[in-house]
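Have a look at the structure below, then the notes.
A, B, C, D, E, F and G label the chains in the order they appear, each numbered from 1.
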Amino acid sequence: MAPIRRLVLDVLKPHDPNVVTFTTQLGELDGIDAATATVIEVDENVKTLRVTLEGSELDLEAVRAEIEDLSASVHSIDQVACGSRTVDDPLLGS
Amino acid sequence: MAPIRRLVLDVLKPHDPNVVTFTTQLGELDGIDAATATVIEVDENVKTLRVTLEGSELDLEAVRAEIEDLSASVHSIDQVACGSRTVDDPLLGS
Amino acid sequence: MAPIRRLVLDVLKPHDPNVVTFTTQLGELDGIDAATATVIEVDENVKTLRVTLEGSELDLEAVRAEIEDLSASVHSIDQVACGSRTVDDPLLGS
Amino acid sequence: MAPIRRLVLDVLKPHDPNVVTFTTQLGELDGIDAATATVIEVDENVKTLRVTLEGSELDLEAVRAEIEDLSASVHSIDQVACGSRTVDDPLLGS
Amino acid sequence: MAPIRRLVLDVLKPHDPNVVTFTTQLGELDGIDAATATVIEVDENVKTLRVTLEGSELDLEAVRAEIEDLSASVHSIDQVACGSRTVDDPLLGS
Amino acid sequence: MAPIRRLVLDVLKPHDPNVVTFTTQLGELDGIDAATATVIEVDENVKTLRVTLEGSELDLEAVRAEIEDLSASVHSIDQVACGSRTVDDPLLGS
Amino acid sequence: MAPIRRLVLDVLKPHDPNVVTFTTQLGELDGIDAATATVIEVDENVKTLRVTLEGSELDLEAVRAEIEDLSASVHSIDQVACGSRTVDDPLLGS
């Protein structure tokens, strides 16, 4: 299968661990060059994060396992890019 | 005929296979350099994806067959670019 | 006359041939380097496409004849650029 | 006087000659490197075009004469840029 | 004093001289590399222009005198940039 | 853990020390290449700042301690980027 | 302390001295490479300016003293950037 180059995920995370620990742990996984987490919404017990991961070959199951290990869960997968390069959607203005 | 360099498709996909499997399988097709799928809408039984494919020579029928093989269907073709290079619409602000 | 470098057209096309066949045939014409068609509106019997063509020297009559050959018609010409280079409208934000 | 490098004009044009003939004729004038015409409004007898011309030294009177020769008229001059280079308005976001 | 590199002015101008004559005369002044005038509003007797001037060392009094010589007047000074380079306002999105 | 390359923080700060002293002190911390603070809201006793820090390896606890040392507090962590490079969220248009 | 590379200030200025004199005087200060003032609001006795200053090492107190010397006052400090380079806020779209 074509290597995954970018994943954009919606993640639900309890307040602990904090978003810095969460992101740096995620960024440690094999094949990840860059990990960015943006806090989108804050509720009483949970934060919603948009997480963007890029690398030469991402492994969704390893990402999901690490996220669950960090007491969080993948709420939805918003974007997947794969191939020898990445392409943006020309009509979404991204 | 001029080679197809970019296809932007609206795809309806059941929840299984997930969008990662869907995109990486599609990215495996001959002539595809980059495949990006963005989830636009989530309904009870189906997800609507915007899929952008770029490559040196895309084959719509092979793309459509692979999409159907993955239990999904092409709802509409939103953009086609072909030629020795790609050009964007100067009035759509893309 | 100064060579035409870009044409942006509104085209009405029946559902058959599909937009991929339509665009790749158009992209085959002499002097066309890049052809992009974006579907703007879908009605019962017809699709409205925005078609952007770029090349070293486009021939409107050959373009129009090919479009009619493909059972479609030029509804309007939205933009024409000609000269030794192309310039965008500085006030349209394109 | 400083050489004119860019003119942006509002032009009223009858339906004949068409916008392609109009633009390519205009692009033939001395000192014009690039001419782009965008159709802004279509009325019963007339089209409103935004015309952007760039070159090393544009001559407004020659441009106006050619436009009238093509049965059209300059409705307004929207922007003029002159000098050894062009500058955009930093507050218009162009 | 630090040299003025850019001036953005609101200018009120009678219909005569026209905006092309106005801009090219202004562009002739010492130290001006580029002059762009955009017509913002047209009233019965007067046009409002946004005028952007850039150069190695602009002289406001010479600019103002030339504008008055052309029967126009500086309504307001909207922006001034000076120094060994120019900087844009990071919060205005210019 | 992957090195933190960017932190975006919401900070509550009393009026004293002022934002310049606050930012330059923060920028002194080990591993910080650039620190930018933008005032978002001003209340009677407190200012809300958006603080963006970038560097080769940021240390959240050192940042938090320095902020508290400056009589301010981290109200929320809005974004964290880590890895061998930084990636922006393709769907937030940043 | 880390050197200040950029200051964005809201300044209240009487109509005299004018904004050109004001900006060029400010741009004369040691360590300032570029100074841009944009008029945001005009009241009967006062103008509100957004002033952006960049340089290798800005001195707030010298800036403030010069502004007061010019009969104006710093109404607020909107942004401060310091360090060996400048970084923009990724979520403000600047």
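Rule of thumb we're sticking to: a residue touches a chain if its C-beta (ideal position, glycine included) is under 8 Å from a C-beta of that chain, and two chains touch if they have at least 3 such contacts.
Being a predicted model, the structure only gives us computed values, none of them experimental.
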Trace the shortest chain of touching neighbours from chain B to chain G and give its length in steps.
3
I want to confirm something about chain F and chain G. Since they are copies of the same sequence, is their interface symmetric in residue numbering (over half shared, so same) or not (under half, so different)?
different
For the two copies chain B and chain C, what is the rotation angle that overlays their Cα atoms, in steps of 5 degrees?
50
Averaged-CA centre spacing for the pair chain G and chain D, given as whole angstrom:
40
What is the distance in Å between the mean C-alpha positions of chain C and chain F?
50
List, in ascending order, every residue of chain F touching at least 2 other chains.
6, 38, 78-79, 88, 91-93
Which word fits the touch map of the chains here: line, ring, star, complete or other?
ring
In which sequence are the chains arranged about the ring, given a start at chain A and a first step to chain B?
A, B, C, D, E, G, F
Residues of chain F defined as touching chain G within the complex
6, 8, 18-28, 32-39, 42, 50, 52-54, 78-79, 88, 92-94
Within the complex, chain F is touched by chain G residues 1-4, 6-7, 60, 76-93
